[in-house]
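What follows is a pair of complexes built around chain A, which joins chain B in one and chain C in the other.
Up next, the complex of A and B:
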């Protein structure tokens, strides 16, 4: 039963990490931009989701509307991707360092924006630890909402896979990622494609943040809290690979849960030992490719 | 007349003119200075982990300054706050230097993190900048960097919270637990208070096996795995030193996983997040340590009552202990200046004179009587007790509020903390 708790915790951590890194991987995969705003939009989604749900409840909405309200809030908050991408467009033709700096500038601006709108106090979603209840057998007990987050994460992963592999638009996105010039020559409006991908990447971040807010707190340290593990996921999985994001998240989530149970003081070291091992064996990550 | 003589006379005339001008200015200065505001530099966190704490302190400092100004100021001079942000040690020190050298503040107050206060203190001493720290006195390093300060005044020892928690556990829970676990951010304070708790358990004859230790990072916001690990260890008492956004997240995760059904929790830094410790995930009987201010104490001082009403009405939140630290610092400074002013027959005192006057001064703070020891360590009242849901708030209050004077909880002047723990005669 103790192992069941640890396993569930590992899967939950992996699900959350996947939600954070999916957007990062999507944007890099197509645009070759390391989007440092991934953590910030995640935090934005969390704050916006918490506020949206408060707004609904104050107007008599049922707490059971939690999941749909958060999902919609995340989708709405993700539209900030349009603003960020529009500014980034100014530096697309410049050195990658400028793009990185620009996304970092947004990180700083978003930090101040979050503080100005929501204040310094962490936002926790009131009395909602068990709005969907808890399930369990014996000592194995878990909140149903956490299981919902895992299912959402899987669903999002499947949706992304279907989009990229099974739709015409997805094929166009892949073609643009492989060879932008050829895609343009074939009549693809690559500006629209890059905008779409960046906004989709932002939406993945904000939806992820909104979905996990009932299990955590929206706080100003959210962006930095995720960077360490998101970095590990991306390096293990390979930059730009969605499959890599999934496998990387599972590995990091699993290592974390096991380390905390058996060698708690080596939690971070355990994760980064895996990172080092992967880098030795496969320098571009498990599913990454060399970047030209 | 030779050129050399012309130059010499010209230079002498210029020099005399300069001297006359300077003397005229010097005569005029005291009159201008008397009407100038007393400038107090405030260093408070505005972002990140400690933003909420800094915000509380800053709000209290502003309220206190307004109150002082409404009652005539300090020695007839209005108080003006100059606020800078506390971030990391290097940047905060630069801002402090700016406050002293450019803004020419009369006193610096603030700072929460020991990681910031320790490197700053020697420089502020060298600059002869009168400084009152709100916090930032975890044991390790304080002796080395602030051995016998003249201008720097320290807060109560950070470990007072842990000593209070240990005394309450020993008094009320002895014999009720056998297996203990710790969960804390991995920093000196967290490790110190856990070590102090174990040492005091041993001192009071409490035999308990340590079954788990979870050391998190400050930015950790997901405790699902930590809770799973703690459940596997089956403790019956969990000593929790989390105190930022991580605390309510941890308690929610623990409640959802059923850990609060099988273990009693000791929340050493409950006072840092009491506004977030909602009833559904803070069971009754949880030991809550409120530090130097318990917003709902049954017999509040007049000043605390006034401040809590103002704070809750204005900010729709519950004020926390950093408010008390900010108030104590401001009022201690005021009392010190006015004492020195009286001793000088109304002439404005210098920094040395104010610093000397502040030693041993006593004031009525939010939490009750408080004083600044002669060794520049504050003494205030600490509060704690067991959580109750029997109130009209959405957060816990205390079923019974216990208070301890800092003179009970912190080591005397010159003593070593760990040796003092072994030999002190605690009221248990």
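Up next, the complex of A and C:
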């Protein structure tokens, strides 16, 4: 049943990666900024989720509240996007290299922010995935919690798709991404749109981090390590493409699960060899659009 | 005028520091030389060429590991051989990677360089026998022009012979970079940054110009990395991680992007600030992040630009 376990781990990885990279893609699609803070807000969500759950349990909350508490914690932590976007706004008119560097400045700042609040020791929540029990088919058993996270990620993906394709606000967002000047001429407040999208992108990151924390440890290496994987996802899938995020997350999540079971020290190398191969075959990723 | 003042200040500092300041600060100046040399390469690529690399820490690590592997594993102690090997290995790797990367610009270039940097980073972990894996490799004291200087202590070696050696190396490479930037090649590189189509129509082979800049930058980074490895005494995989690539870009922007003195001023400011901040707070990264944000917003020409404004020079 080793295969089923690897497959399940792959889907779980892919689900979490999709959440974070969907945020990256949204922000790139609308603002043309590659948001390096995605890893930092992911870690923030993880730490904040863990603390929020402890807070609830200490006050007599049932451990069964795990999922809703983490989801709410993720939503709250994501509001840090407001702060980041407020500063990032100062360089919207500048060369994209400076915008990228500005997000790097926030990576540095958030790194010490996390250290100041939660310390340098990694934070582990214990065997919490088991609070909802485990299911199994034959010898293959998996924690219900992980399955729920996969379902959450899928539903959030569907919600995003509905938001972008089916709502009025979604159409405005797409119009802004397509042609900012024209949208403004049509009366769209594009500043509000970019703020909204950036915060939404951050929330996706923090929710991803909060949902993953019961299964892993939150540490100060989390931000830069996540960026390495998230970058692979968006490059494989194509910058700015939601379908690309999904597809890339499945590839990277799958490779990650396989590598971790069979050749752990080769994980990043294997993933990035695929990245390079994809870039040569299709310079703008599998679903990316060429930009001049 | 401002250039003369800057140069005067620089000459006075570097000539006096081994005699005036403590050995600790003299080694800090060596670190500064190492970073300056690497940043000159990065400046050619990003400052003059407009190509933001998030993988150039790889080439610094190549330089550092070359010194480590040759010295500790193969028993070759001559620093001249180390430098030559570091420059050639890095140049060769860049010649291959550059052929692939130079076709891209903007964010795609950044991501491709990051991808190669990460492949190299995991290579350092995987090939344990050569690189020492996670712990890295120690870098023995090299010999300079055949002198082992074994009669003096490590500190005396660093603040004495090695200090002057790095200084001369820095001056030579600085002069060379000044020539490169002024040359028709440098002008073509800048033109390609500002308007690639127009430059192409003028008959400049834009791709080839960018390719050469990529390879030259890698060679400079390797030499800088080799000097850093000797002054630190070790090389480890962290040197090649993508955040380190981000850090060196930060130091360059701090000094002044696309300015001849940017790398020097940036690494000097960085070395002094880091020393000051690390002594006073454990949250020095936050301070650097905030500083980077401020520099980007209010002083896009970095400290060099601020100095120029302070001296009332032309803008």
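We take it that the second predicted complex is superposed on the first by the 276 of 292 C-alpha atoms of A that agree within 3 Å, B and C clash if a C-alpha of one lies under 4 Å from a C-alpha of the other, contacts with A are read in each partner's own complex, and residues count from 1 in each chain.
Heads up, the rule we're going with is that a residue touches a chain if its C-beta (ideal position, glycine included) is under 8 Å from a C-beta of that chain, and two chains touch if they have at least 3 such contacts.
Quick caveat: nothing in here was measured; it's all calculated off a predicted structure.
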item: Touched partner set for A:265, first chain B, second chain C, both or neither; value: both
item: Touched partner set for A:189, first chain B, second chain C, both or neither; value: neither
item: First, second, both or neither for A:13, with chain B first and chain C second; value: first
item: First (chain B), second (chain C), both or neither touched by A:124; value: first
item: Chain B versus chain C as contact partner of A:231, first or second or both or neither; value: second
item: Touched partner set for A:136, first chain B, second chain C, both or neither; value: first
item: Which superposed partner A:215 touches (first chain B, second chain C, both, neither); value: first
item: Which superposed partner A:256 touches (first chain B, second chain C, both, neither); value: first
item: First (chain B), second (chain C), both or neither touched by A:111; value: both
item: Those residues of chain A which chain B touches in one complex and chain C touches in the other; value: 111-112, 115, 224, 228, 265, 267-268
item: Residues of chain B that touch chain A when the two form their complex; value: 45-49, 51-52, 54-55, 186, 212-215, 217-222, 224-229, 231-232, 244-245, 248-249, 252-253, 255-258, 275-276, 278-281, 317, 394
item: Complex contacts: residues of chain C adjacent to chain A; value: 46, 50, 52, 100, 103-104, 106-108, 110-112, 114-116, 118-119, 121-123, 125-126, 241-243, 246, 249-250, 253, 282-286, 288-290, 292-293, 296-297, 300
item: Residue numbers on chain A that touch chain C, as the complex places them; value: 34, 36, 87, 90-91, 94, 96-98, 100-102, 104-113, 115-116, 224, 227-228, 231-232, 235, 239, 265-269, 272-273, 275-276, 279-280, 283-284, 291
item: Chain A - residues contacting chain B, complex; value: 2-3, 5-6, 8-10, 12-13, 16, 111-112, 115, 119-122, 124, 126-127, 129-130, 134, 136, 139, 141-143, 146, 212, 215-217, 219-222, 224-225, 228, 256-257, 260-261, 264-265, 267-268
